[in-house]
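Next, two complexes with chain A in common: one pairs it with chain B, the other with chain C.
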Partner chain A sequence: MALGVRRGQGRNRSSYVFLIPAFLLYSAFVVYPLFTGLTYSFFTWKGTLRDSFAGLDNYAGLLSGAFLDQLLPALGHNALLFAGTMLVQNTLGLAFALALSRVRRGKRALQTMFALPYLVNPLVIGYLWTLLLSPAFGPVNALLKPLGLAMPWLGDPGTALPTVVVITTWQWVGFPMLLFSAALGGIPQEYAEAARTDGAGSWQVLRRITLPLLRPAMATVTILSFIGSMGTFALVYALGGSNGAPAGATDVLGLLFYRTAFASGDVNALGTSSALAVFMFTFIFGSTLLLERVLRRKA
Partner chain B sequence: MRLAASAAVALAIAVTACAPSTTPRTGGGKVTLSVWGWGPEANYDKMFAEYEKANPGVDVDARSFTTATEYDTILSTGLAGDNGPDLAWLRAGANLQPLVEAGRLLPLDAKDVPGLADYDEKVLRYAKGDKDGKVYGVPFAVQTLQVIYNKKIFADNGITPPKTYDEMISSAEKLKAKGIIPFAFGGKDDWMLPVVASIFGTARWGGDAFIASVKAKQKKFADPRFVAGIDQLNKLKPYFPENAAGVSYTDAQILFSSGKAAMFPGGLWELNFFGENAKGVELGVFTPPVPEGQGLMPGFTDGSYGINVKTKHKAEALKFAAWLASKNYGQLFTDTLRVFSAVPGVTPKDPLLGEVSTTFEQHGATYFMNEFAYGNPSSAAVFSKALQEMLLGRLTAEQAAEQLDKSVSTWL
Partner chain C sequence: MRASIVKVLLWGYAAFSMAPLVVMLLSSFRPTSEIFDQPIGPPSGLGNYVKAWTEASFSTYVVNSAAVVVGAVLLGAVVSLLAAYPLGRREFRGRSMFAAYFISGMTLPAHLGVLPLFYLLESMGLVDSLTGLVLVYAAGSVPFNVFVLTAFFRQLPHELDEAAALDGAGPLATFWHVMLPLVRPALATVVVFQFVPIWNDFFYPLVLMRDETKLTLPVGLTHFFGQFQNDWGTLFAGLVMTTIPLVVLFVLATRQIVAGLTAGMNR
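This part shows the complex of A and B:
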């Protein structure tokens, strides 16, 4: 018995040895950069040269009038993107998954087709859509013109963000669809059959059985959508440039960070942008934890 | 064992392959000067070949990073480490300061680079450190802003470059009636907005004198003359493409190069672009007149060649910099790239450039936005966005000018 325990401990110890390579890689490429980013934010910088200890000055700079005027709208746009993604992309994803669960032939082919756009780089997708939606040459407006619906979709502050949501949906709808499809496949047929035997209609089966059982999948999709919406950069950059055109209507945290770090020409850009990065990380990490708590408890 | 041996060989090869950037001398005892920039490499190889011919001991290796926005990051990282270039293209004005303050660049003076003494102070100012006033680069190009027009469309419609403001409006009206877009201008890429505002407005607010009084805090941008200048964008809106605020810069370029639009308000660098992409279009340029009379042509220094403070070949780099400040290089630059050289006294061979050069000498002014590109967020970014909102009808010209004042007050 004692021997067995010791042997077990030995195995445990040697299993730690096997963790070392992964741990080193993780430390070098994840922990260390995160930590240096944090330390950078406490200094003032002259270009790439570290100057003096600044304490929380860089963070105070984030909250100064001129910067805050950009930070708050950007954060708001991230939140709107999240709401839009939930409402449009994930609802559609669920609808597609439900519809596909009834399809017998060609299900795989349809799934692949829906999921295909997300294999393409968002920058490419953004570029393609700017061409499609161009008010000067774009085919979309050429089609809509006879109906009197031609619009500068990406050029009007009122339509720009909803357009971003639609394009995001077009690209990513396959993702919630696959997750929901997998979750649907895990629900035993018997539940629905039993309900039908008791006289439940399709709607009742969906509302009382299928949807409640999809809750864990919904929680996962919600959390992943949140992280995706908060960290979005490539698509909005391709659609509206680094300033979030038109008139900052598509400005998000990622673009603000990019501008602050690489395009401001400010001597202390590294300090300010590190502080912003720490803020973004803390905010996204904290909100995700909170969201996860709330969603899992309900589930 | 064999595997280890071949790995060692591979490693040795890899190390030698990297060598040119780390070891100073290549075969034949030549010194290699590496130069980083953001322009097309082939052009630079062609120009630097002339220097190599005259200086057999030196090999100039031009390397281009065409993605302009990443260049700044690549350069600041390169200069901070040990594998940076010997010389590099530097941004002008505000964007140069982070490198200067970090002490990455060698200050230059007329003792080592004699040509610097002849430069116009207006040009040289953009290659200086704001705090210490020292020169850190040899300016290479001056860009001007004006209207480029399609000569054939003008001739077909009996239009000549306008001499008065009213003539410009009536010509635009005439073109519009024929279904031709008068001005190819898109406001979706917001950096274009101050460019175009300055093309039509600089003379209205009184050019350099006004900018100087704003810097001296005697005047504000909300001054009626400046407001009237930027309000030109609103006044000319009927002659821009429909929904101009949603039209991108490349869309505007295509509208002009495809002959759908007659004029393109923009930078001199467009001549090169249209020369390549609109081969059949014969180009002309003019400076738009203002109601008060003659218009002004805004211009700015585009960039400069600086020397890495850590270069292992200081003497050679300085000698090369001296050549870059010479008329020889200036002539080569303007004729190869079809843009203005910043070197004083160079006359471009290209007739169109010659025309611009004459106008700029007589009616040149400073492009106002580059003077106010400081702060974080930079005043240029704040004002570009405000102009976009103005074009969308969400702000008046006066409100846009007030936003610029507010942003400038954070650092001036």
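This part shows the complex of A and C:
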């Protein structure tokens, strides 16, 4: 017995040895940079040299005139992307999932085709659509010209952001579709049958039974869309470069952070961009928590 | 009647979904002059691929990307596997704390630490180095890997450890001879699931890599697009080459990808 106990402890202490490699790697390259980034934001910087303790000055700098003029539009564009994603992509995804639940033949093939663009690198998608939508040689305008609808989709500040929404939808619609399909598969047939026996039409079944039961899936889709819309970077970089062309119409927080940190020429770039990073994290994380609470509340 | 309208709409969207990819594939086999003349048309040759591979540095980008992905996925899987074994199967002080420490990384926005990361790597001489990228990606894969593998280790029957201990196996022997063969399906999920984001990642190499000979595909692609702006045929070929490995992976490993997706979803 005594032997067993001692042996047991020996085995348990060796557990730490197993943890060491992952612990070191993860602490050094994920946790340490994140927390150091937080401290960076409380100092002024001269290039890469730490200058003096700045308290919240870097954060105040974010709200100063010149920077705020970039921050607000970028944040607004992220918000519009989220709204567009909800309205177009997630509504379509839900509609497709509902329609597909009644399709027998070709369901798998359709699902695969809807979801395939999701596999493609966002950067590739950005460049591909830049070529497809090119005003001079692109096939999209070649097709639309006879209808009188040809226009510089990505070149006009008025249409650029809606075009980004369409491209995002094209890439991601398979994701809400698959999530909603899975959720629909989990709803017992008996519910709808019972309602029909009581005289409910298919519209009523949808409104009173199916949609309320999809609420948890809707919450998940909303939250993931929010995080995705706030973090968008590679796609807009490929479509409009690091300045969010045309005329900053597609500028978003990710691009602004990149420019501030690496291309602003500001002596205090480290301080400002670190403050921006912390602000972005707090904003996204806080909003996500809020969304969680509101959306997952028991109806 | 209504059912057939729905069907037409569904197949119509499927066509919209596939068309850009089909145009990309077809155009990659057509000379630029033909594309400019007629945006959509039949394929005619492999010239664009030869050009992208030799004149643009696609050979370099692909080799670098492959090296980074393989290195990072393997390193990330091995260290996570070692960590997940005690976390999923043994009692020791601080276990739940360690588990929380690793898994909390799934919600942390690792990109926000990119500046300190840059200076950390610089102090180690690992900026502009493929090794640096491997370490960053491997570290970033730890939270998800540990999460999936720990859950998998926990499911294995407890009699296994007892039987191994009765036969006199130490922790390392138990891990190696008993656990490792059983955990292989979860390992496949982890490997396949990390492949895609690392292959596609643009942000870290954009910040950490400057040397043209060390670029991975995504940043290479941005240089390539500046360089070959007016040579559309070659551009399309480059886009196809960046995409193909993922399509192949998807066809070969749909099951692991779906398993990984659902594991990520239920967290």
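In the analysis below, the second predicted complex is superposed on the first by the 266 of 299 C-alpha atoms of A that agree within 3 Å, B and C clash if a C-alpha of one lies under 4 Å from a C-alpha of the other, contacts with A are read in each partner's own complex, and residues count from 1 in each chain.
Everything that follows uses one rule, which is that contacts are C-beta pairs under 8 Å (C-beta built on N, C-alpha and C of every residue); 3 or more make two chains touch, one makes a residue touch a chain.
Worth saying up front: this structure is predicted, and the values here are computed from it rather than measured.
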Which of chain B and chain C A:A66 touches, first, second, both or neither: first
Which of chain B and chain C A:F137 touches, first, second, both or neither: both
Partner chain(s) touched by A:D156 [first = chain B, second = chain C, both, neither]: first
First (chain B), second (chain C), both or neither touched by A:T220: second
Touching partner for A:S15 - first (chain B), second (chain C), both, neither: second
Touched partner set for A:P122, first chain B, second chain C, both or neither: second
Partner chain in contact with A:V31 - chain B first, chain C second, else both or neither: second
First (chain B), second (chain C), both or neither touched by A:T48: both
Most chain A residues touched (candidates chain B, chain C): C
Partner chain in contact with A:F262 - chain B first, chain C second, else both or neither: both
Shared chain A surface residues [contacts with chain B and with chain C]: 48, 137, 262
Chain B partner contacts - residues on chain A that touch it in the complex: 46-49, 61, 65-67, 70, 130, 134-137, 152-157, 240-243, 245-248, 259-260, 262-269, 272
Of chain C, residues touching chain A in the complex: 3, 6-7, 9-11, 13-14, 16-18, 20-21, 23-24, 35-36, 39-40, 75, 78-80, 82-83, 85-87, 90-93, 95, 98, 102, 105, 107-117, 119-120, 135-136, 138-140, 142-143, 146, 165, 170-172, 175, 196, 199-200, 202-203, 206-207, 217-218, 221-222, 225, 232, 235-236, 239, 242-243, 246-247, 250, 265
Residues of chain A touching chain C in the complex: 11-16, 18-19, 21-23, 25-26, 28-37, 40, 48, 92, 96, 99-100, 102-103, 106, 109-110, 113-114, 116-117, 119-124, 127-129, 131-132, 137-139, 142, 170, 173, 179, 220, 231, 233-234, 237-238, 258, 261-262, 270, 273-274, 277-278, 280-281, 284-285
Of all residues in chain B, those that touch chain A in their complex: 69-70, 72-73, 76-77, 79-80, 91, 94-95, 97-104, 186-190, 241-243, 245-248, 251-252, 254-255, 373-378, 381-382, 384-385, 388-389, 392, 394, 407, 410
